[in-house]
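Notes follow the structure.
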Amino acid sequence: MNDLSVNIAGMTFKNPVTTASGTFGYGEEFLDFLDPGQLGGIFVKAVTGKNREGNNYPRMAETTGGMLNSVGLQNKGVDIFCRDIYPKIKTFDTHIIVNVSGSTVEEYVEVSERINELEKIPAIELNISCPNVKLGGMAFGTMPDMAKEVTIAVRKVYKKILMVKLSPNVTHITEIAKAVVDGGADVITLINTLLGMAIDAERRRPVLSTITGGLSGPAIKPVALRMVWQVHKAVPVPVIGLGGIMNATDAIEFILAGASAVQIGTANFIDPRVGLKIIDGLGQYLERHQISTIKELIGALKTE
Amino acid sequence: MIFKKNIADLTVVRNTRFNNRYFMLDLQAEEPFSVILPGQFVQVLVAGSPSTFLRRPFSIHSVDFASRRLRLLIQIKGEGTRHLSLLTEGAKLNVIYPLGNSFSLPVTKKVLLVGGGCGVAPLLFLAQFLNQQHIQPVILIGFRTRSEMFEIEEYSKFGQLLITTDDGTAGEKGLVVDHSLFQKERLDFGKIYCCGPVPMMQSVARIAQWHKVDCEVSLENTMACGFGACLCCITPTDRGNERVCMEGPVFNTKRLKWL
Amino acid sequence: MNDLSVNIAGMTFKNPVTTASGTFGYGEEFLDFLDPGQLGGIFVKAVTGKNREGNNYPRMAETTGGMLNSVGLQNKGVDIFCRDIYPKIKTFDTHIIVNVSGSTVEEYVEVSERINELEKIPAIELNISCPNVKLGGMAFGTMPDMAKEVTIAVRKVYKKILMVKLSPNVTHITEIAKAVVDGGADVITLINTLLGMAIDAERRRPVLSTITGGLSGPAIKPVALRMVWQVHKAVPVPVIGLGGIMNATDAIEFILAGASAVQIGTANFIDPRVGLKIIDGLGQYLERHQISTIKELIGALKTE
Amino acid sequence: MIFKKNIADLTVVRNTRFNNRYFMLDLQAEEPFSVILPGQFVQVLVAGSPSTFLRRPFSIHSVDFASRRLRLLIQIKGEGTRHLSLLTEGAKLNVIYPLGNSFSLPVTKKVLLVGGGCGVAPLLFLAQFLNQQHIQPVILIGFRTRSEMFEIEEYSKFGQLLITTDDGTAGEKGLVVDHSLFQKERLDFGKIYCCGPVPMMQSVARIAQWHKVDCEVSLENTMACGFGACLCCITPTDRGNERVCMEGPVFNTKRLKWL
């Protein structure tokens, strides 16, 4: 009873609960709170070609039911990732998936090629949807042609499972999804953050140093669910869903809408153990509804 | 020493109101504390406040290891702190603790502590800790006015207490940086620890630099997680952007770019 | 002191606080709570060519910090509006602006022509952004060409002030804004609702009869603020801003971002007197900051 | 008669828990009530519940005009009702009242009231109101089990009370529609008023139609505003989609399309 495992593009996840890139550090920050081996997988923080300092402070604003961030891909670059970080995290008993970002097609390709060599990394997630960088990032994710181009280029050098993470800041999410599937994506993850803004009325200034930032948290869940459902119907590849998941019920909703797995993002900040609670809750849901495997729920929304 | 972050429901055993802006929460833990050092902070979940989505960070004001209690000194700012100010005995508060680094030990015994506003929060703990290392610090605290002063006796237990008030109703009149201590030719301390509003910390840091005295400040920042995961709380340092919640909140001013 | 009046395309509004179409009925539902004459203006419920029954029940789902609706332009049609409703509301001592909707360019034109004849209606708001109808509606608002086409067509027959309300469900909001300004729009209002979805996990069904619906409320405020700011910078016409405004601080934020007036939508459901409270709050803000006229705040965000 | 919708902070003067699902809030108004009729409802703001954004609608269970009190009978369903169930004496509740239409007066004196679940909420008020018109209704109420019964004596004051329980621990065993009353050849009533779960109301409406008895039901719906502004709460009728909060919540079943 209660089989929580799912298969995504040939990989078996012990359960569909993973953590979203940029919200779980490299997993190490959570070791006091949980054993990463209990999670279905971990999507680590974006890795770029070179060291990036990210954007200036302030980088965060709280909003109703959510938050804006403008971290801007701060990371030490792919060399340091491979040399210093990878050895520490490769022993986690779960899938470690690297979020690959860049400003140019070449940078995406370069980073993907390097990550391809890391034995314990079974997949990458191409982040063509970061709203917080001036060059590249989201631009790739809002134009089908560019999205396809970068996917094709990375597909050539990356031999394992290629996931592409889409931006919700588009008119037709299914067009972008089809473009990256055409380009060779094995899996689609969505959504990244919605582009938003916060203003400090008293100081008459933007709250974020970058003026705009990415909106995450339960506020965006309705948009995320809609897009997961649209993309699940539109493309033949598995979808990993995220956006505002706070508890097991939210996760079930994404799975019903068509997600083969889910990522937990902002919720980790509020409760670093939330992933484990969601795994428990999924088991209870299966039991209550007498369903033997969670696979049965994927895309099982009844819309007649 | 065991450093471990915990999440636990702590019980409010007292909520002391000092004045219309400041209150103190005494929180009781079920389990004994592991190591907690002065300068560290906690992340508090404000349940039942519709506009408070993320946790709220507060310095650890003091710890009683024997009775498994920790105290937070809180200034009412917005919805979250207002909500906390209304908590009554017996209420449960979900807290992640302890977080961040801590003040470092001084190499000399001549130590100055400077605080103002809710920046005084971690100073009592630090003073107590220094005492255990047989150091009697000089403690300089700035208040707005006499009627807003609190915990004066507490500080006096651990060192020599100096006070400034904006209106001169107690101690010397003016801001902490105006105190006669700083007017002397030589600032005879091996280390200054400072927390309070950023402009105050900058002034003190500048004075310290001038006198070539080592200075540590405790920074605040907008935090989403508080335990290093989100990279929202950075401050520029000599090693690039560092996380205030992990590499800080305590920084040696030599390393900061904000002078 | 405390001049709250604003000028928009030659109209003077006694204050910048108006109510959003579809959230204030025809004003009549609020007469027990306030005198509409205290408001800067009222944007009444969408009017279409013919009677429309709208979508099936359920039409509403609560979400974190917001709600989804799929009302679908239920209204009695332009004939009944002109004959029965207009005479009752034309006496309100404030600007009454009619929200014009349709499925075809012809329908928009037909309705606009009819409303043009109504003496006490100084302006219309073309709703090219309703996500809840199968034909037309949002489709017009997501493609610059179609947005421009419908604006041009209506501009030909509508002689008074033409406002166009944009959909946020697009990649480049400024492109749509420019297109409708090219087409002859005097004013731009934004945003309409974000396309979202809610799922009842227990029943494994969509909550709304239409599966997807429009997300409104404070959850969307960051997106709305961002778009108002972008559009204000991109086009030379006045902008009316809305999306999640709950209080005076929110309204100030929109004005700083570039809105000449604001609309209050979902907040009316929770507090039917919220408009008056916001007007009070704006006055207090001016006083606290010693600003003599709210016009000074329009677009006054300091971003250096 | 003055019909006017109000928004006011009412004071909780009592919170009575009947069992683990039902409780009753007694609310005190400052100002005297204008007209309030049976079948009308209120919209309650649930402050301090992070997941409750919109108001929550509840039928008016009864009104004491002299003491300016109204009562709500509430079943715990989700976060909003759970939050309300914890309110204590003295708490303020922001309420919009009264909303919607009301039950219409019967033309004969032979009247049947049928309720089940939290659908019983408006029936006591209706029974009392009918009494004032010198009508003694028959009141048929379905409970799950004897231990979940409440307010039995109250109802008995105003008419003849009949009961069913799902498990037969009180009254007749079965659902309300199984009651022997409905097994008779002739259903000797001029009017049936019914509120409860939709399937129950549909069954009762079908029986009424069969016997050619006029029948009014009180509908629920998902409401954003409750006062006619949003058009979210429609139900299909012979005049098209009508608003449950304005043209309803009480509808004559002849006009509804859901049979």
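Chains: A, B, C and D, in written order; residue numbering restarts at 1 for each.
To be clear about the criterion, contacts are C-beta pairs under 8 Å (C-beta built on N, C-alpha and C of every residue); 3 or more make two chains touch, one makes a residue touch a chain.
Computed from a predicted model, the values in this text were never measured in an experiment.
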{"item": "Shared chain contacts [chain B and chain D, defined touch]", "value": "none"}
{"item": "Separation of chain B from chain C, taking each centre as the mean of its C-alpha atoms, in whole Å", "value": "47"}
{"item": "Whole-Å gap between the CA centroids of chain A and chain B", "value": "36"}
{"item": "Chain A and chain C: spacing of chain centres that average the CA atoms, whole Å", "value": "34"}
{"item": "Residues of chain D engaged with two or more neighbouring chains", "value": "52"}
{"item": "Numbers and ranges of chain A residues touching at least 2 other chains", "value": "63-66, 217"}
{"item": "Topology of the chain contact graph, where touching chains are joined (line, ring, star, complete, other)", "value": "ring"}
{"item": "Complete list of chain pairs which touch one another", "value": "A-B, A-C, B-D, C-D"}
{"item": "Residues on chain B engaged by chain A in the complex (per definition of touch)", "value": "4-7, 45, 51-55, 96, 221-236, 240-241, 246"}
{"item": "In the complex with chain A, residue positions of chain C that touch it", "value": "61, 63-66, 68, 142-143, 169-171, 194-199, 201, 203-206, 211-212, 215, 217-223, 225-226, 229, 244, 249, 252-253, 256-257, 285, 297, 300-303"}
{"item": "Complex contacts: residues of chain C adjacent to chain D", "value": "22-25, 29-30, 32-33, 45, 51, 53-54, 56-67, 69, 71, 74, 217, 266, 268-273"}
{"item": "Contact footprint of chain B on chain D as seen in their complex", "value": "47-50, 52"}
